[in-house]
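Structures are listed in the sections that come next.
Shared between the two complexes below is subunit A, which has subunit B as its partner in the first and subunit C in the second.
Now for the complex of A and B:
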């Protein structure tokens, strides 16, 4: 019932078809292409240019959470000795590999090679090592040094040198060679797509905002898993046209927008509509977030590999808390935000560590109040309905008292 | 609290109900914010029935009949209690109640059965910031109940005993279940009961102060909720924070008082 209150986008049908095609083609329509499993921050443009099919276990884990079996899959992994403190994306994926009977689509098709980039977290390194052992396939780890203050030239050349190694690794593992013309084309298409995604997000500066957090979370899937493909480009052109139409007609994502909020951290996939509807019930719309913006950064012009190195080494989660505070402050100002909500995500340590300090810093800088909600992106066992509802209600009452 | 009116209940009155996990509380006010009645009862199963009975009792004792103009309900049972006109969060209600009792209050610490909360107020009594305990019963009323039971004491006795300790033991775990095991192992080693009791009070106080630090412990600090009646805990809080902690008059009903004040404000409009 809650979902019905939600204004569905016309492009939702197209999105669903696109994602179904993505997963089905990786299993049934590979046409001899090798299959790589990669992390969300891996330089996929290189793989596209080398004719490698790509799947994202993180996206698949989110899908498992949205369709509910994630906690069961987590328990499968826990029964094999993986700690409940381990990231729930990792546990869900490992569980789906160990026991595909419980997994949507019977799990992901077996990979031929694995590529993990630690720009999003350190967990991916051990997680992918475990999978490499389980499937007995080669693994490449791309190491991006954490940016404590400024990006150093040495960091970028270090990452660029590894990208050349990555190319040789893929060549060795698959026999496919890198075609520079195809790489430039993949970068061009990826850039055009990420620019569109950035423009769609920026349209939410309008009042009322044409999109709410669940819209952003659901519609980010192609920018992650199909970045650099023509099908994703077509989808975002259509989505942008629809969002522009909402803005032109003054149509908001929720029936009445009184409060504009910012979201920090990964979505609560298992309670997506139910959770955000608690805010919608209080006329509050999430107009911007720190998560889906991670895929709106275009690759710099020039020599492709060094451009790719610069973009992937400098993602949001690979940067200091100070940088992230600056980002939040800027977004709060640009989007006219009245309050912010941080998801203290039990799974995602790099995203959640330091949130108390960040919350205080952002509140001091902007005067805008912030709420911390404890949950987990995939593992619904960490979601406590009543305490969460109480915190949201108290927060919204205090926002109303300010108005 | 505003003095109890003897004048009776000719005009409209305003009801606040707080349905907690352990107890239900109710406060009845007249349109001048005078207290007409109050009551506390065990919540029983779900609290709904107990709340209905308590409200009937408070109205009966105040001879208020059916003159309730507006009712606000708060606490965990609030969502299902249909008799009320409106539901509000405990944060807003405790803040409102505490500020009404003492306008100098800037930090409210409420230790309830399931939740502990720290609330920062501005000079107008508005909620500027708040923090609640994470998914864990440490630092709540339930923790004290479980620990008192582990020591084989009634809750009231538990706090008094802690005051007699000269050498409080250190309880390192903040988990209720693990802390209980820790306390039992201290007792098994022959540590005096009062020292274990005092150690447990310090553990809960340090947990609650950690929470309060998130919003800043600005004076004046007021403690509300049933746990405020535990003198051992109040002294542990003062000792660890180095700050004076005021205990609200009739601390258990501060949330219900706040709800009644909201009812008055909303019902008048």
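Now for the complex of A and C:
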């Protein structure tokens, strides 16, 4: 049975409790704290230091996809005029706002303010404008210029100036002030947590790899939504201990690891286990990916706002395709990767439009073969099961022939 | 006998239909520099000694670009990449990508990887306009672009040269504005082709062309049918089909909100200020593309103002398939039009949509709008 291919972590129970607590506390236990909805690349440390509760619509959309109602929610948004070609996170969330009856947990509690950072895409700007219009709440857009070449000092000072504006925006919207001591503490806790996450990912360099892609994708949730909190820190300490234990005992994420793969792009949330099990059935484990590492970057020491500016402005998706090729080449070497799979994600243009070029460049540089699969992170209607299985089979056969 | 206006129109449609073939023969002695998005500071490229040429969407088959872009990229990205890969853009000295949407962001890097012989320059335009630091940042970026042009091409961008280029483009933009003022008395195809061609030929020639056209215009008499007055809203309109149909079906095109139309010419550069400061101000304050976020400004209000000022009876959205910023904005714009009781039509353009389908839908919409007012 395919499900047997997935070796459940003991910390899974803790993870589930943590995420339930995260969503429940945002609804029921805010204790008067204002609620911000933020993008996955927003500088949440500042909000924590200002006593603002935060929710992540991207994480919620992924959850909707995993629990299956995402296509229905997408259709609700489409009926309101949003094109089916638009990002499925955006359509899922907008659908859950328009018609919470279809949505898990009856949708997210209404925001008091919205904060979008375009370091992941331009879509979040439009998506958050749409939500700001719908809920009639203030929106702040943090603009991190895309880095085609080198990071420029002018970019960083531009972002740092906007962070000061962000603080004033939150002050105006909520009356809460920025407490610098709390900011330093949030940055310290966030750094300790992201370092743990980085270490956990690095443990997958072991053979066999203690974790597979679904483990990485499921366990990244707290690093995104609870970064800077003590509860996330505790969780990653426990997770790291368990993963270390697997490494010590030589336990792999899949029973017999024969091929080590790299994953590029956001997960196919609606077929998470089923999809990766096609590979596990061929003894292939995804030991590393380009997505979940996005939250292992530490914030530089020193003046917190300029450190935050530098970290958030230079994330993987805000950097050129050439830079991303370098990263993939490095990961392939460091993790001893035999092949890579790119999810050409209809919902994520900045992640996907360059993959044809990147695939060629990475294959040329490393000699490692790459497979491109077109699908969608959230909208299961874009998932063509049989063609995808056929492509995976052909790819795994070609890997076997090389071995 | 043909009127001067009709003569000009025939030539222009020829240029627009195949703008890059024999460009250098058509405009000898000019050094062409490509750009895709009207946030490109054409004044600066001109001051560096180049003739800026916009890279437009074309209708030919996409074959080579299939290997570089997935199916869900817009036809603009796909067809310009096809042109580039086929060598049809080799007359360009380089291409400037300004940061607007996710697609163009990727395309700049894809071109650098697919065609290393091609000079690809980038300008990281801010996305948020009207904030605290956007002007200071854009000013630095414009200076960096000037430096990159100088070091890459060995040219000099002088203050005087830039002021002269600014004055020239201002005169072009003023004349385009004057042309649009008369648009309800002209054929839609005429206005559209004069504006579109301006981005494909050297600005000096375009200014002379517009000047001649405007001088020879007869007194405003309605040349076109008594049909309803419409606005066209969208990203770009690089195909004559829709203006042609508007003429054929007897309607009047009274204005637009397009990057290939009014968003290109609506704001002038202040000639009294230091040129880099003035350019910065212009590109921050120009009518925004939906890929930009302008705090406290609503494109819906701007559209309603335009509808009222132009007496438009209906709005035609020309939506490029897979153009995310416009697809998002379509919803609040429609809501605003609905509240104001202004009918609207969505025409999605893509390789798979036939001219016949567009004609049928547009015809039904125009009939519904009734006679002109």
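Assume the second predicted complex is superposed on the first by the 401 of 403 C-alpha atoms of A that agree within 3 Å, B and C clash if a C-alpha of one lies under 4 Å from a C-alpha of the other, contacts with A are read in each partner's own complex, and residues count from 1 in each chain.
In the analysis below, a contact is a pair of C-beta atoms (placed from the backbone, for glycine too) under 8 Å apart; a residue touches a chain by one contact, two chains touch by 3 or more.
Please read all numbers here as calculations on a predicted model, not as lab measurements.
Asks: Under the stated touch criterion, which partner chain does A:356 make contact with: subunit B (first), subunit C (second), both, or neither?
Replies: The answer is both, since A:356 touches subunit B and subunit C.
Asks: Is A:374 contacted by the first partner subunit B, the second partner subunit C, both or neither?
Replies: A:374 sits against subunit B and subunit C alike.
Asks: Regarding the shared-chain residue A:85, is it in contact with subunit B (first), subunit C (second), both, or neither?
Replies: The second partner, subunit C, only.
Asks: Once the shared chain is lined up, is A:110 touching subunit B (first), subunit C (second), both, or neither of them?
Replies: In the superposition, A:110 touches no partner, neither subunit B nor subunit C.
Asks: In the superposed arrangement, does A:390 touch subunit B (first), subunit C (second), both or neither?
Replies: first
Asks: Now for A:154: first (subunit B), second (subunit C), both, or neither, which partner does it touch?
Replies: second
Asks: Determine, under the contact definition given at the top, whether A:133 touches first (subunit B), second (subunit C), both, or neither.
Replies: Once the two structures are laid over each other on A, A:133 reaches subunit C alone.
Asks: Of the two partner chains, subunit B (first) and subunit C (second), which one does A:172 touch, if any: first, second, both, or neither?
Replies: neither
Asks: A:274 contacts which: subunit B (first), subunit C (second), both, neither?
Replies: neither
Asks: Count the residues of subunit A touched by subunit B and by subunit C, then name the partner with the higher count.
Replies: Looking at subunit B versus subunit C, the one contacting more residues of subunit A is C.
Asks: Identify the overlap between the subunit B-contacting and the subunit C-contacting residues of subunit A.
Replies: After superposing on chain A, subunit A residues 356, 374 contact both subunit B and subunit C.
Asks: Which residues of subunit C touch subunit A in their complex?
Replies: So the residues of subunit C in touch with subunit A come to 67-73, 77, 97, 99-103, 105-110, 112-114, 122, 124, 126-128, 131-134, 136-137, 140-141, 144, 290-291, 293, 295, 319, 321-322, 324-325, 327-332, 334.
Asks: Which subunit A residues qualify as touching subunit C in the complex?
Replies: 80-83, 85-87, 90, 118, 121-123, 125-127, 129-130, 133, 141-143, 145-149, 152, 154-155, 157-158, 161-162, 164-165, 320-322, 344, 346, 349-350, 352-357, 360-361, 374
Asks: So in the complex, the part of subunit A that touches subunit B is made up of which residues?
Replies: Touch residues, subunit A against subunit B: 356, 363, 369, 372, 374, 382, 384, 386-387, 389-391, 393-395, 397-398, 401-402.
Asks: What residues of subunit B sit close enough to touch subunit A in their complex?
Replies: 76, 79, 88-92, 114-115, 126-132, 134-135, 214
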